[in-house]
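Listed after this line are the structures, all set down as structure tokens.
The two complexes that follow have chain A in common; it is paired with chain B in the first and with chain C in the second.
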Partner chain A sequence: MRKKISKLWKKGLNTEPEFNEETNTEIIELKKQDISADYDQNLATFKSLFSVPDNIDVKVREFTITTLNRRGFIIYLSSMVGLQIIMDSIMEPLLDNEHPAKNIPDIVSYPIASTKKNIGEITEFITGGNTALFVDGDDQCYLFETTQISGRSIEKSDNEVIVKGAKEAFNERVIDNIALIRKKIKNENLLVETQTISKRSRNNVFLVYQKDLVNEELLKTIKDKLSSLDVDSLIDLSILEQHLEERPRSLFPTLLYTERPDRASAYIEEGHIVLLMENSPASLILPATFWALFHSPEDHYLRTPYGNFIRFLRFLALFVAVFTSSIYIAITNFHVGMIPPDLLMAIAGTRERVPFPSIIEVLMMEIAFELIREAGLRVPSPIGPTIGIVGALILGQAAVQANIISPIVIIVIALSGLSSFIISDISMNFAIRITRFLFIFSAGFMGIYGVTALFIGGLYYVVSLKSFGTPYFAPMTPHSFSSKDLLIRHVPMVERFRPGYLKPKDMVKQRKES
Partner chain B sequence: MPKTKTVCRIVLFFVVVMFLTGCWDRGELEDKSYVIGLGLDLSKQEGKIKVTMLLANPEVGSLQGGGGSTEKAREIISFDANDFIAAKATANSVISRSISYELLRIFVVSEEFARDPNFTTTFFEVLKDKEIRLNSYLAISKEKAAEYFLKNKPRMETRPHKYFQFMVDHGIENGLIPDSTLFRYFQSAERETDLFLAMYTTAKRLDNPRIQREDEYMAGELNATGELDDTQFIGSAVFKKGIMISKLTGQETRTVNILDDTTNIKDILVNLPDPFADDDKKQIAARIMKTKGNKIKMKLKGVRPQIYITIPLQLEIMSNPSKANYALEKNRQKLRKHIADHIEKMNEDLLKKSQTKLKGVPYPLPLYAKKYFSTIQEYKKFNWAKSYLRADIHVKAEIEIVDYGKETNRPIKVGH
Partner chain C sequence: MKQQPGKLGIREFVAIAVLMVGAKATEDTPAILFSKVQNAAWMIPILSAVFFFIPLYLLIKTMSLYQGKDLFSVIKKLLGKYIGFIVCLVIFVISSFAVSFDTRTYTNIIRAFYFTTTPNLIIYTMLMLTCAYGAKKGLQHVGSVSYLIVFYSLVSLYIALGISTQKSNIHAMFPLWGPGYAELIKHSSMKLTIFAEFFILTMLIPYVKSNKVFRKGTWIAYVYICIQISAATLLFICMFDESLGGIAYPFHIAIRFISLGEYIPNVEIIFFIIWIITAFIRFSAFLYINALMFGRLFKIKDFEYLIPSLTTIYLMIGIIPESPMDVTLMLKPLIQNMAGPLFAFISIILWLVALVKGEFKHAKNKNSM
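Up next, the complex of A and B:
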């Protein structure tokens, strides 16, 4: 009975109508077939598949191969290929070759070539920028990798800025991105595997890992997860990130999204797996822990004391960003005796003419700060952020003079706002900023008790998070063997082990000198 | 469904925990009026007390620039009440904001009220109010507390909380007033074996005070003239079982502070008799520093208990009126011996006074006696309060002179 009711209930809640795809079984069937040896049939097939006269950048060129004296045609997408390459390396040998030869590979000396028979596969290659050559009487098609897409060159990293260390960042071309990683890891065990994850757009994802380090089980989990995706189109790595996460609605990120190839390769060297995608100027590192999101590559580039200094600063900033506003509210509303009399008098004196309760005051300023920050981000010029911060301060000054906000609140908000910038990972940054609001509410509700209760509850939650089976705070808790690069880092000579939670094939990074 | 059940339980748990907490007393801090000093006097009506509140105005003196207020820095209100906790509500008929004791720094009780046998019953209410913190100070005023607050008009410190903070902190550092927090008061009142010292203060100067040595004054006896506030903090009031019984001068208070390891005196400046002077009038200035704790040994078994106290002190000689040559080891020894004798005598005089006149030790000495007994019952049977009165107390001063001061140009040979 109960089951029945809940079933009915669920049915009633589900308002999504059922959609049926308009049938294109014909084309699907066609794609499963192989090409024929008949020239005209092939020509007709591909012309209809690519709707040739209507589709303006699909080029079909028919000609006669002089040496073989057979008819042939090439088909390619003019917007995705290097036309000069086709002219020089494919067309010219086919038309002007004077030496006797029997096979196409003997005539066309293009370096990257393959042969395919299946119509569906050939279509995929053509859409990827390859040039397909069909020869009369041949039941296979010759494919030449002529892809040449224009895009950004390798530029400086914009979002993860560091002072000391490599500056280059990933760009939208996956070939460049793989090259950037290969440049840092010169090892034949570095594998770049590809997997198609969406059905309609056929987006590829590239798995990059060290074959002799990565844990097979982890690799299998990730591959299974990728192949289980059933979507038409997945255009960006950041969308893939949301598909892969265990808890996509959680405040806290569980995958590391970075645009720095040095960071990606450092993680590959530890046994992590890196995902790359065409058109995404970043990489996705999995599994990721809290520490991975909290650290910055510069921690390791700087000398040990300096690296630890900025880590402590960052740790402090984390707490300042989360707790300053809430503790201000808690103390001024509930625990007045906690602050020194002078400060209390100063706060009380400045709040004398402010019309709102302090929680409204703080919320107003926090929201204003977030608005200015978001607006500054969207101002279409590099001086945008500067204007944003200056604007915030001027706004604050004016608000104080108009007796809407007390000056202490400006200090509190500015401090917590600026501290939040120190957490460089964008997802973590958002997580911190949103938790801050939760803490403000709990402080306004129950004072320090509320803040503590939420903190403890939040800690329980965060500890329970997992990223591909790795606990969020590993290897600190649950404890596992590692080189203990958590809150403080040691000198590089002491960090001799790869993280134990990954179960890498080789735990030891550096053998001890005997 | 077990899952729903667990979730329900967890939610219930949190709701219950929320109601158990006492954090529902949210209030904006500018809604409150902060009492800095609380004065307690006997009321004309039997069984009532007169409460005086010194309230601070947060608007004055706390803003750097930007439109200073023309309001007064403080407000004082006195009225008769049953106790000083319900008095908060009564005060609201005069004061616009709700009264808060959270910044309460000092209790000023008139000597008259402190000597009243009912004082403890009224004063123990302090423990009931959760806003009052036990690290606030207890001071005894010579006049009525209501008058004291009115007459006390510091010229340099407009903000009352700052005035009391500085006055009390520096007084304790100099050793002229005792560190009389409420915490110590209640501890001593509950132990009943030792006496408690509260700081003694007055806002009325005596008309023709006698000129004495630098620390032998009581509050009000120092003849300071000029443009100044008449309030003086020096000396102490002695409490036995929570009720005032006697007074000690500044010098005696200092001696107790040196004997007492639980207070934090810094270095104190004193005058000591000069051993090389021809007459008694010449005195040398010295800085006394106490860096190590006292060594206390007791023999409590006999008829007359024996108490041995060793006081290690470091001294810096700062003046040399008789121009003695301190480079000579002989002179140094003489000086050291002389100072040790002087300090020993001062301490023994005080302890004698405590045995005969005060009938109790004015600092927590009985705590050291406890370790000589294996059980609490034995200790109780020993009855410290009575046994102390017939104890033999031997004080030994271990003087170490770390600095003899600057060598004067022409030392006159003395002491041959």
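Up next, the complex of A and C:
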């Protein structure tokens, strides 16, 4: 009954018109076929598939293979291949070979090659930057992996800055990213699997994991989820992240997005699964818990007391960022008796000439702070510092002098704003900044009682979040066996276990010396 | 990606139990105890714990015959379909009224001490909304949140009690036996209700990891709570002495008295935060258990959907009494004097029936085979 009603309801609300795709069954059918042995037919097929000569970077070159005395052509995307490689290792042997040879692999010395017959598959390889060689009378096609895409080199990590420890970051070339992980984990059990996830642009996702650690069930869930995606194009890992999340509308992130290869490999070593994608300068670690999002790699690089010190700072910052503004509102509006008389006088004195209620004051300043922050991020870098100065001077000093904002509110906002920067994970950062506003409203509504009610409600919600079946606060609650790297960390010698919620094949990281 | 709802581990279970029962030290229970037996009030929790130990032990022993079955199924199995149903219904009704009046008490406290100008209904609605949301999320999550909170809650209670020792006088606890042994024992046996929640907690057995965890958790929480309530009551007696008789909610008066040094005279809000968090968790668990009872009683499988409507009903019952006095002096004693002894009686009856029916021998034979 309920289902029926909701179905009717949805039908009534759904105003999306129906779109009919223009038919291209011809091409789809063509792609399912194999290539023929006939040279001209193949040439025609691929020229039409790639719209040659309208498509300017598709190059087709016809020639005669001297040794075999047969015609052949190669087809490639000039923007995606290393032209020098094609010249040296493919074309030259084919044209100028003096030694007698019977088949292509003997002539072309290029190391990475494969043969394919299906037209669709060949098309996929060509669009991926391979060079395809067709020979007259041959019913298979030779594919050479000549991909050479220009991109950034490996650079310093910009968004997750640390003082002690490795500095390099992922870049847009997935080959580089894999190499960065491989160079940290020199083990044949490190698997890099690939899976095509979108239909039209054929974006690949690379799953990186340790075969002898990862939980098979988890791996299967993730693979199923990836193959269940039905999209035309998925150009970036951050969009894949939203597709994978269980609750994409939730305020809180449930997957860890990091640009640091050292972090990724540390998680692989624990039995997590890392996703990489071409064109995305980052990796996606799943499953992720609150702790993964809350920690920073530096916690472990620093000596234990220092690492714990910055953890405490971060925990404090989390609370300061979320609660300062709301507690200020709650105390000044509802629980005035709490403030020591002298301080109360001071606050009242500064607020004397301000015409707004304190919640309006705080909201104005919070919004102003968010504006400055966003503007500072978007302006071209030469003007960047100016914005900072303008923001701080004009909005802070002048607002106080104009009696719009009381100085104490500036302190409160500055403190909470500054603290929010300490949470380095960008999604968590957003979550905290947005929850801050919710807390401000609840404090304005019911003082401390409202804040507490929202806090407990929020805690219930956060605790119920799951990332691929892993509860958000695992292994703290529900408890599972781990090396207890939660609020505080221990010395590395004591952290001997992998997290139990992952159910890795091998729980023990370090055996005890006997 | 749907997972089976996880079961409660011992940490979460103990946390729920401690928050559910331990919160009694911070509401009107110490004052009610004091009004009956004056300065020996602190002994009542200990004595009642001793008295209630026997039925609880027997109940847990009986329950352990039926692995993974909750209280209501066991009652129905042992007492038959019809008598069992009536007994279960009585338990449910008592527990429902207890929730209503307890939440009302909390609302009264909040209104009397912290939000004097806010209408009762708004405070009450917010309390119930939050609790209903928590209960709707499921027991596992109530457990997780209580585990996250329990440590801070207890520490803040200790700090509050610790600071209040500065202003207290240990001589107030003498004469040691208060009105005399006979009175003490009489009232202790009537105040079994302090531990009545443990009887209700047996509803959760199917949601706890194993029977052993349940047994162990119950005893840990039981001993701990009996000490905590007793210690808190003793402290209040030492702090207020005779005037405790005229105080309804000693914990809240106490945190108004204390201060952190000269500079911060009023710290009650800090303790209020923790106290109200405890209250939210307590009633979330209560609501969940009541919905579970209702579901078992009328064979409703997805009882989680009942929580919002049950909450509304409790809210409506709780809002009926006109003044806080009606609740504390008339309605709550009604439940309190009835629930504990009745639950103890039911536990013993269950054990007796099991004994007569030969269930224990049965289980033994099964084990030996």
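In this text, the second predicted complex is superposed on the first by the 497 of 514 C-alpha atoms of A that agree within 3 Å, B and C clash if a C-alpha of one lies under 4 Å from a C-alpha of the other, contacts with A are read in each partner's own complex, and residues count from 1 in each chain.
Just so it is clear, a contact is a pair of C-beta atoms (placed from the backbone, for glycine too) under 8 Å apart; a residue touches a chain by one contact, two chains touch by 3 or more.
Note that the structure is predicted; figures quoted are calculated from it, not measured.
Judged by the touch definition given at the top, the superposed model places A:Val463 against chain C, while chain B stays out of reach. In the superposed pair of complexes, A:Thr221 makes contact with chain C only, with no contact to chain B. When both complexes are overlaid on chain A, the residue A:Glu246 reaches chain C alone and has no touch with chain B. Of the two partner chains, chain B and chain C are each touched by A:Tyr449. Touched residues of chain A, counted separately for chain B and chain C, are more numerous for C.
Contacts of A:Pro355 after superposition on the shared chain: neither chain B nor chain C is touched. In the superposed pair of complexes, A:Phe334 makes contact with chain B and with chain C alike.
In the overlay built on the shared chain, the residue A:Pro478 is in contact with chain C alone; chain B does not reach it. Residue contacts after overlaying the shared chain place A:Ile347 against chain B, while chain C stays out of touching range. When both complexes are overlaid on chain A, the residue A:Pro305 reaches neither chain B nor chain C. Annotation: chain A residues 334, 337, 446-450, 453 touch chain B in one complex and chain C in the other. Those residues of chain B that touch chain A in the complex are listed here as 17-18, 21, 23, 25-30, 32, 34, 36, 56, 58-63, 100, 102-103, 105, 131, 133, 159, 161-162, 165. By the touch criterion given at the top, residues 221, 225, 246, 331, 334-335, 337-338, 340, 446-450, 452-453, 455-457, 459-461, 463-464, 466, 468-469, 471, 473, 476-479 of chain A touch chain C in their complex. Against chain B, in their complex, chain A makes its touches with residues 332-334, 336-337, 341-342, 344-352, 354, 357-358, 444, 446-450, 453.
Partner chain A is touched in their complex by these residues of chain C: 1, 3, 6, 9, 11-12, 110, 114-115, 118, 122-123, 126-127, 129-130, 133-134, 137-138, 140-145, 147-149, 263-269, 272-273, 276-277, 280-281, 284.
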